[in-house]
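The structures considered in this document are given below.
Same chain, two partners: chain A is paired with chain B first, then with chain C.
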Partner chain A sequence: MNPGLTARTRRPAFLPNWPARLAWLALITYAFYAASILDVTWERFVTGLDNGMRFIARMFPPDTGAAKLQLLAKGLYESIEMAIIASALGILLSLPIGLLAARNLMPAWVTWPMRLFIALCRSFHQVIIAIIFVKAVGFGALAGILALTVASIGFIGKLFAEAIEEISLKQVEAIRATGAPFMSVIAYGVLPQVLTRFVGFATYQVDSNLRNSTMVGIVGAGGIGGTMFAAFQRFDFDFLLTILLAIIAVIMVSEMLQNQIKKLYQ
Partner chain B sequence: MTSAGTRQEWQRYTRRERLARFALYFGIVTACVVSLRTVEIIPEFLYDAPEQMADLLRRMWPIEWRYYPKGVHAALIETLHIATLGTIFAIAMALPLGMLAANNVTPNAGLNYLAKLLLVSSRSVNSLVWALLFVAIFGPGALAGTMAIAFRSIGFVGKLFSEALEEARPGPVEALRSCGAPWPSVFIKGYWPQVEPAFWGIALFRWDISVRESAVLGLVGAGGIGMAIDSAMNLFQWDRVALMLVVIFAVVLIAEVVVTEIRKRII
Partner chain C sequence: MAGIPAAAPATIEVRGLTKEYRRGTPVLRGISIAFPDRGITAVIGPSGTGKSTLIRCINRLVEPTSGQILFHGADLVQLSRKALREHRRRIGMVFQEYNLVERLSVMENVLSGRLGYLPSWKAFLRRYPPQDIAMAWDLLETVGLTPQANQRADALSGGQRQRVGIARAVMQQPDILLADEPTSSLDPKTSVEIMELLVSITDTRHIPVIVNIHNVPLAKRFASHVIGMAGGAIVYDGPPDGLTDDHLNQIYGGEDWQE
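== the complex of A and B ==
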């Protein structure tokens, strides 16, 4: 370009990227601003650490009294039941819903309401849905089951619809060309292409339901969450630790099972 | 097994696979049946569910829009700050942890294992549980919520970031190393440009999730709009609860649009 370009005026190998630097600066400035607004200060943090030590000291040793363990087993069992039923219901319901929401198989007047329904199921946190169902069907496991079912439909329905939209239409065409009825097209043209992915979504959702079924109890929707929140509010921190350890153990076992199941379908 | 001449029957799966699948289906059905038979559901509650639902909707209507400037706006802004600041803290802590967990950046199995253990433990505790713990430590308020979001997000961002690092091509890195570039330069000019789009994608995705989660943290006393929902619910002011639900729905929608727009620009 410039014939007088010498080694000294050559541009550096890595030009400074000013927009990126400004963005980082803005992010850090925002962090300080938000921290000052939220009253996140160093002193509070230090006092908190002091509190934290006391809190942890009170958690040990974990409470393993017979009555407490019975309470724990009952709550945990209910959580697992809720997770299983909600997953089964959610998966069964999201199969047709996902299918109806797939834009490559269905006309627009079917997919739009279905997509809206899925978006509505997905937009609220499980605990907020649980609040509504606790009002509708009262305290207990049923409210939790319904809340988790709605959340499952929102998640699997969306992913399943997207998976169907990505399939190759050649096989569908081939089966249609033989004059097969609609259900056969679904069963032999669509399902074989999405089955493995669907198993992946479903196992993920079972795991996620199991995690959340231990939480919805906080608003009274059954399961171990209610027991946990009560223990917390009564400063029963040693029992709280027992519950937390039990929940983590259950989740780890479920993760192991999940890996085994995924291997089976690879 | 089969001698020449006899017809061989082909099967897609081995006997072991078929047995394993059968065991799985059997297990699933048994689990469902046992759960359905033993779960405690009070049928009387179910009968009047439609009535209760109608009652709920009647109490929610009309939505008390006037309450927004007085009692919701500040809480909503606090929720957004909790989500954003928590995610920023999480990013700050997940960057070093992700680097330690990636085998090609830190070629030390012990450190990799330690970092992965920290990331897994961050992920295996629900954000509501983190919030409970931090409310006990820091007292009720936004600080507990911010910390809960941060600690829950570290595992998520760190895991995906370390996976992105492990997928980086070694070419540029080796080129820099062979020039004798010091370690920070190798990371900033060798790895970072390769993982940057993935990193911002992960951070935005996590921010989106954090916005949803920070709305409920207040139920256990960790600040934000959840606290307003909790007090309105305890006073049976369902018209206010309805207002807050609508507001949360709007914010979640806006967050999703913002995230998609930014993703389009930077990725």
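== the complex of A and C ==
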């Protein structure tokens, strides 16, 4: 060691963050404890792998009988319709709701109830909301559409409000100074600053709605989910594989479309 | 310039204007002043002395604590929101950091000066009257940015952005222009060009300009009237020639900064 390095020059550059270290230690300890309580063991996992392989083997080859394909097309088409309607509704409703929830533009007595509403929309998983709507409006696509719309508001509304809260108020101020009415201030001072991000959230939500629209059918809210659940219960695993492959194809096509849409709004 | 009538000379008079951001610590201490109705009036003074607050109180981007601001026979301080909007469109404003809408085109930024005259739905659909569009093209020609009309504002240099900012303010067909440190973010050469543009606007369109500026040589060179501020009060009000070193010491304090 260089003798010139005294105790003073070897002083550490960074202070140890003891609270953070303790928090990490506590988290890891608790994870092990919880795993032991819940009977999470390596042996069970290995046995499970074996079962899983047998299950997957039974899925091949995928069932492509004409009657099954027709059933698949009908369910999948309904799912896509549900996703698109719910996304359109959700996006349209999120615009004003997100705007009203932005704390830098609105007084507290407006933002507070709006933020509460958004939080409520976000509280439950789509499937749970779907169960409620199935009870309310009966089985079918309508319940699914409503459930997905609520979820969309929870997601886009929150992110949109946060995006607005991050805008530059200088641009807003300049538009206000021209004597523009409030809606024009929004159209020129606020929207241009958040439009690309909003398109990003919206396309992500379309994607999310597509995936979730294949789920809500399990509780009877329309779409391919019902068909899929029935195939499960009838041990119709080869048809199940057909459905899963079709869903993957739809998601990939939607991904490509999303990228094109985002390019339009760069 | 075709299509733009010379605005009638209008003046702004401030009486006993006080602004406290926090109670008990006034930034403006009862300022009273009648701004000239022509030419460039430079408001000089050190940072934090209330120049910006004064100019922002005039169009109420900052709410005055007390006092009167008389413009077109009305007290701006007392106006309702709607009446305030109607008066605001007669007051153009140019900002230190240009405050353009970065993601809109130069043309959209210039046209946004007409927003006070246009219903929101028309503004949203970009349905401006033909005479507004003709005026915007003329103004872009005046500020030398015709080729950039369809570029996005964030693609421009600082000097170009400030020209757009000035074009937007003049688009309002204002009776008065407020400029809050319009050259402070620019290099010396561009600063002079921007001041020359303001002079040509006040001369050809007969719009009085009130400009906050901390650069004393620039103020002396281009202003026809100078107001010196220190500690939230006015300490000089007169022609640029009458501004002595004593005045400057009083405004900026000390002498070391002078050559």
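Before moving on, here are some points about what is shown:
To be clear about the criterion, the second predicted complex is superposed on the first by the 230 of 266 C-alpha atoms of A that agree within 3 Å, B and C clash if a C-alpha of one lies under 4 Å from a C-alpha of the other, contacts with A are read in each partner's own complex, and residues count from 1 in each chain.
Keep this in mind: a contact is a pair of C-beta atoms (placed from the backbone, for glycine too) under 8 Å apart; a residue touches a chain by one contact, two chains touch by 3 or more.
Nothing here was measured: the structure is a model prediction, and the numbers come from that model.
Applying the stated contact rule after C-alpha superposition, one finds that A:A177 touches chain C and leaves chain B untouched. Of the two partner chains, chain B is the only one touched by A:I251; chain C is not.
When chain A is checked against chain B and against chain C, the one touching more of its residues turns out to be B. After overlaying the two complexes on the shared chain, residue contacts for A:F14 are found with chain B alone; chain C is out of touch. Contacts of A:I218 after superposition on the shared chain: chain B is touched, whereas chain C is not. In the superposed pair of complexes, A:P113 makes contact with neither chain B nor chain C. By the touch criterion stated above, A:G52 is placed in contact with chain B alone, chain C being left untouched. Here chain A touches chain C in the complex through residues 168, 170-171, 173-185, 187-189, 192-193, 195-196, going by the rule given at the top. Residues 59, 61, 85-91, 93, 95, 97, 99-104, 108, 112-116, 118-121, 123-124, 165, 168, 172 of chain C are the ones touching chain A in the complex.
Chain B contributes residues 17, 20-21, 24, 28, 31-32, 34-36, 38-42, 45-46, 49, 52-53, 56, 78, 81-82, 84-85, 88-89, 124-126, 128-129, 132-133, 136-139, 141-143, 146, 189, 212-213, 215-216, 219-220, 223, 229, 233, 245, 248-249, 252-253 to its touches with chain A in the complex.
On the chain A side of its complex with chain B, the touching residues are 14, 27, 30-31, 34-35, 37-40, 44-45, 48-49, 51-52, 55, 78, 80-82, 84-85, 88, 123-125, 127-128, 131-132, 135-138, 140-142, 145, 211-212, 214-215, 218-219, 228-229, 232, 237, 240, 244, 247-248, 251-252, 261, 264.
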